[in-house]
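Two complexes are shown next, each including chain A; its partner changes from chain B in the first to chain C in the second.
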Partner chain A sequence: MTAVADPALADAGLALADATPGSVFAASVLQTGFFAGLAEFLRPSNLAGVLVNGLAKSALFVMIAAGLSLIFGLLGVLNFAHGSLTMIGAYLGGLVMVVLVGGATGAWARLGYFLVALVVVFAALAVLGLVVEVGLIRQLYDSPPIYQILLTFGVTLVLEELVRIVVSFYGLQPISDWQEALGTKPAFLARQTTLGPVTVRGLALFEILLGALTVVGIWLFLTRTRYGLFIRAGSEDDEMAAALGIDVRRVFTVVFALGSALAGIAGALLMWDPVWGASVPLAAETLLPAFVVVIIGGLGTFRGTVVGAVIVGMADAVTTWWFVNVVTWTWLPEVTVFLILVGMLVVRPQGLYGVEEVGGH
Partner chain B sequence: MSRHQVRVLVVLALAAYPALYHLLTQSPVGVEAETLLPRMDTMVALLYFGLFAVSFDFISGYTGYLSFGHAAFYGTGAYFVVLVANGKIPLVPSGTPFMITLLCAGLVAALLAVGIGLVSFRLSGVYFAMITLGFAQVLYVFVRGLEWISSNPRDGASVSGSTHPEGFEVGVPFVDGLNLAIGPLSGDTVTLLGHTLGTNAVSFYLVGAVVLACYLAMQRIIHSPFGQVMVAIRDNEERAEAIGYDTFRYKMGAFVTSGFFAGVAGGLFAGFRRSVTPENTFYFLVTGDALLASIIGGFGTLAGPIFGHFFDESIREFLSPAGQGGGLLPYLQTRLSEGVLSAEVGGLTVEGFIEAALNGHASLYVGIVFVLFVLYVPNGLVGAARDRLGGPVTEKLPDRLWDR
Partner chain C sequence: MTLLELDGIETYYGESHILEGVSLSVGEGEVVALVGRNGVGKTTTLRSILQLTPPREGSITYRDEQLVGLETHEVADRGVGWIPEDRRIFSQLTVAENIRVAVPDRAAVDAALSLAYDTFPILEERQGQDAGTLSGGQQQMLALARGLVGDNDLLLVDEPSEGLAPQIVADVGEALAEAARDTTLLLVEQNLPLALDLADRFYVLDNGRVVDDGDAEEVSADSDRLRRYLSA
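What follows is the complex of A and B.
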């Protein structure tokens, strides 16, 4: 995921990139040194570029992790199949786009078709989630939580291999990004856009927009609708909610379907992003950051997930800038993200906004 | 002594496998045998990876702490052996006898387990699984990017022919006559009574000896008072603590022991294969394979993971992509006529169907079996047999077979 250099970042950086690859540790810092790099980093145009990219990444992370967070919060199931659902969403979204979009399709029509793709993916993944919950997970609510992890892990294996079979049957390479789907982007999203002092990818702005809409949508759903009330009640104390006459099992099913659908639309968005793209390994690539985001924010709080996504997204963008422009440590962004996870678990295991009891801790 | 009978039988059955495989593949049912039986190098993989799965089960199945980053120890052991052979580790020169390197590999992994355990055991449940996974992923990314390891760390590292051309020898260190090299290419062959054992068969016995020793050691620990406390922690940690056991120390002890054996397993893997990649050592799906083996074989039974992994490997090899040893497609190609293979059902030939839906897609079927096991046989093969017999299989099975 993050090890791939962001093209926009490479553009934003100056000619500092004459690093000597092949060097190790201390020698990896450029001749210009740490402080020159810092000065460069603090220039307003670079800082603004990093900020926009960080927000775009945060938006992606929040979309990837929102469903996982909802499901864990209510059902207490850490869904290992979440990444696979995202991956299926990416392929499905790509399929809709490739079928609908021709070479002559205009930019706005493409955007319209993308909305169609989002609806299709949302519906299809919701049905898939429904089937998985009713058919499999429902049988294990009374087992130790470890068995739910194991079950969803098995579901991942099956789903990934099924996708691999289908995708290779139609002559696509399962491990590389689906180029044809990438090509269905409207031209104005693929271009670099100049916004005041900074140059950013159009797609980054689109991602921020979609991420913000998703957050607002979930927020309104949770706080302003009756079903959202049920979900919040169930997350806090499902036995009490059941005692008050809420059909908690049905709420469980709805939330699992909803979470799966959210994973799917995140995938549909990633399908357009050249850094991610629709491929089978996308499942693992998205699953791990999603875990990190949800755990940093606190299992079972949506607010925590949003804040966690912003933290991870920003850390990722900043370290990616440093890796592209100052140091040659390819591992820097990913290691930073996981070090944040480890640090958070040590200092505050329940996460930023988590409650201690959630998750059988 | 009856409880040893079953164990001895299992070990004997494994020991007879190379001869059996040789005989059956030469016999009239040779093609069938080659199709169904795992090849010898797969059997070696079964042993070292089985040891890793057992070490995973040792901590996860017996204390109930799911060590989802266990691949970190396997990878550490594997990379350590390769780096020692390439002369990259100070104080341990390239010519160090493999048995000593192996021991060091285990110790380094154990040291890592101390570090990870000190932090991780402050947590429990899902959080413990996630933090260990986090550590393993950090190491995975790190190893992928560290150019000190090899010129292209993303593709892993292999034992260099210039610093360590000879095979890794298992045996008594410093006694030349009591050592034999392992490896499919660089290993030794042995001629006994006019029969020549190939490199894979020799490796099978040597790796098997190390694995057996490790297994017996872990078995001893599980059946010691220390192991009883581990089980007590799994069943009810608060009670174990209330009785007066310092559970943190027991958990650390179990984790470090488990890390040691995982490191040895990784070392054996590297010694046999002579090359390692981040994907087949540190990646979280490596832990996933151990998990698979443990669940199918029996979570919380020491021998279970080996059987579980045997099942996994057999299916994978049976459905391996065409051209890789025995398997379903080569068998059908030799046995069925061209007409049957190219018969079309709904626009899809039989051969095409096997190629598209079966070959190389063993994960699908293993995954389905895994899901069914989680749902319906949560104790796995050995655990289910234990429930059926009303006690440990090694104790109850002989009674069933001979006394009644």
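What follows is the complex of A and C.
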């Protein structure tokens, strides 16, 4: 917390001496000065690095939040179990990789196995989502929202405890990242890659690619398929959709399964990221940013979720750079994201693209 | 031949008793008007048929099949369409998507779009536009078009002229008359001249009960018979 991380700033005499956190904040601002920090931030290599990191975070956030947003948009259910589904996806993806990947497995084979893991996670989480919707959520569609919140909160407690038991049984620490799974990623994703003036993590580029594919895939599904049309119609007015012959309850089930599968896919990707990793606390760690993203974008709108994820991801990357390299308060980036959330709730409670009332029923 | 028959239906909203033993029938190929003041249960009657607000007692048969107990989409699958009172177009879908979503058979989409655009040419001009950006009259045309393209044998039409300019009311009446050539209509309408012009028979609803019925021709010359139930 007391050392300036950027060598350029340190060379310029901007490093801070040991001090208490409060005095560090005040002193660091005084010592570095806003303009010195800004000049450093605007260097092309730093700016490009922040952009790539921001896009990588945006990609992760959109993958985490997309399912939550789809489910709320159609069913009107705020699914508190969403983070648990991401966590299960991380462990399941890790399990597939740990089983398939050996020490001698090449980088491209590892990538191929990861695609297998994605398919397995997608299918398994879709089935789990289907069971939860048909067995539990469906009973409460006509009840007040608080019942659905309590139910999904209960589901998350049950799922987390089950995973904790299973993980502990196999000798893993539930609260620590699963290192063996982290180590299954191909070497080129673990390395730094130089692209022009900027050096970026290979994994960040992979996350951007997968996030972009997810956004395009969901967008094509919603806008170019008949089922996507039914989902968008049902999200606006489920009574009218039913009166046109659409089996809205079946659409609800499909969307809940799809949203759960997307949460699992995000988890499988996070399993490889050392900032996140497969662990039981991943459930809460992902649920919070997912809520922030969908609230900023507007509950239930996919376009809003994408824009919200980019705003949160870029804000996180920019403030992380500033607070790591200039001000040295490393927990402040998270505060900034929540400040954006508070500002949005005050100025435009329905979010950027939200309507005042969402949910098909 | 009777297409639709309601027999003694009792429908509630919560504890509010809205329909108190409503019975009526609609023959195949007929246009039947359901008239009455605001709040007497006309819309609830249509919602009961669609099972959106299922009756607690009584029976609703369509082609001799019981509708009570079915899901709404199952009623729609049997060929019962709905043009609701407040249009209820999907505002975030384009005009063309609003029509596509109403067509059960994927192969029939192009023909449905042609039918809708032939009936209301303005919709073709606005086909790529979000439906929520249309004017009120254009939204009503879209709601009608969506009902007309649905391959329905029975259309439940709720207040199609409400809040529209006279010229648009005339267009709506023309479209309904055209639809009535090959579709049975149960029409809820407070615009008495329009209702009686289209209808073969009528029912008058008052306080959740059918209080009068007859041939439309009987009352066109004696509209006081209706007006005592329609005046506030």
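In the analysis below, the second predicted complex is superposed on the first by the 331 of 361 C-alpha atoms of A that agree within 3 Å, B and C clash if a C-alpha of one lies under 4 Å from a C-alpha of the other, contacts with A are read in each partner's own complex, and residues count from 1 in each chain.
Here is the rule we use: contacts are C-beta pairs under 8 Å (C-beta built on N, C-alpha and C of every residue); 3 or more make two chains touch, one makes a residue touch a chain.
Note that this is a predicted model, so its numbers are computed, not measured.
When the two complexes are overlaid on their common chain A, residue A:Phe221 makes contact with neither chain B nor chain C. Taking chain A as the reference, the larger set of touched residues comes from B, when chain B and chain C are compared. Contacts of A:Leu78 after superposition: chain B is touched, whereas chain C is not reached. In the superposition on chain A, A:Phe291 makes contact with chain B only, while chain C stays out of contact range. Contacts of A:Ile146 after superposition on the shared chain: chain B is touched, whereas chain C is not. In the superposition on chain A, contact is made by A:Ala241 with chain C only, not with chain B. By the document's definition of touching, neither partner reaches A:Phe41: not chain B, not chain C. Looking at the shared chain after the overlay, A:Phe188 reaches neither chain B nor chain C. Once the two complexes are overlaid on the shared chain, A:Ala233 sits against chain C while remaining clear of chain B. Put simply, chain C touches chain A in their complex at residues 50, 52, 71-73, 75-77, 81-82, 84, 88, 90-93, 97, 100-102, 104, 106, 146, 150.
Interface of chain A with chain C (complex): residues 226, 229-230, 232-233, 236-237, 239-249. Those residues of chain A that touch chain B in the shared complex are 3, 22-25, 78, 136, 139-140, 143, 145-147, 149-151, 153-158, 160-162, 164-165, 168-169, 284, 288, 291-292, 295, 299, 329-331, 334-335, 338-339, 341-342, 345-346, 349, 359-361.
Across the interface of their complex, chain A is touched by residues 64, 66, 119, 122-127, 129-131, 133-135, 137-138, 141-142, 144-148, 284-285, 288, 291-292, 295, 356-357, 361, 363-364, 366-368, 370-371, 374-375, 378 of chain B.
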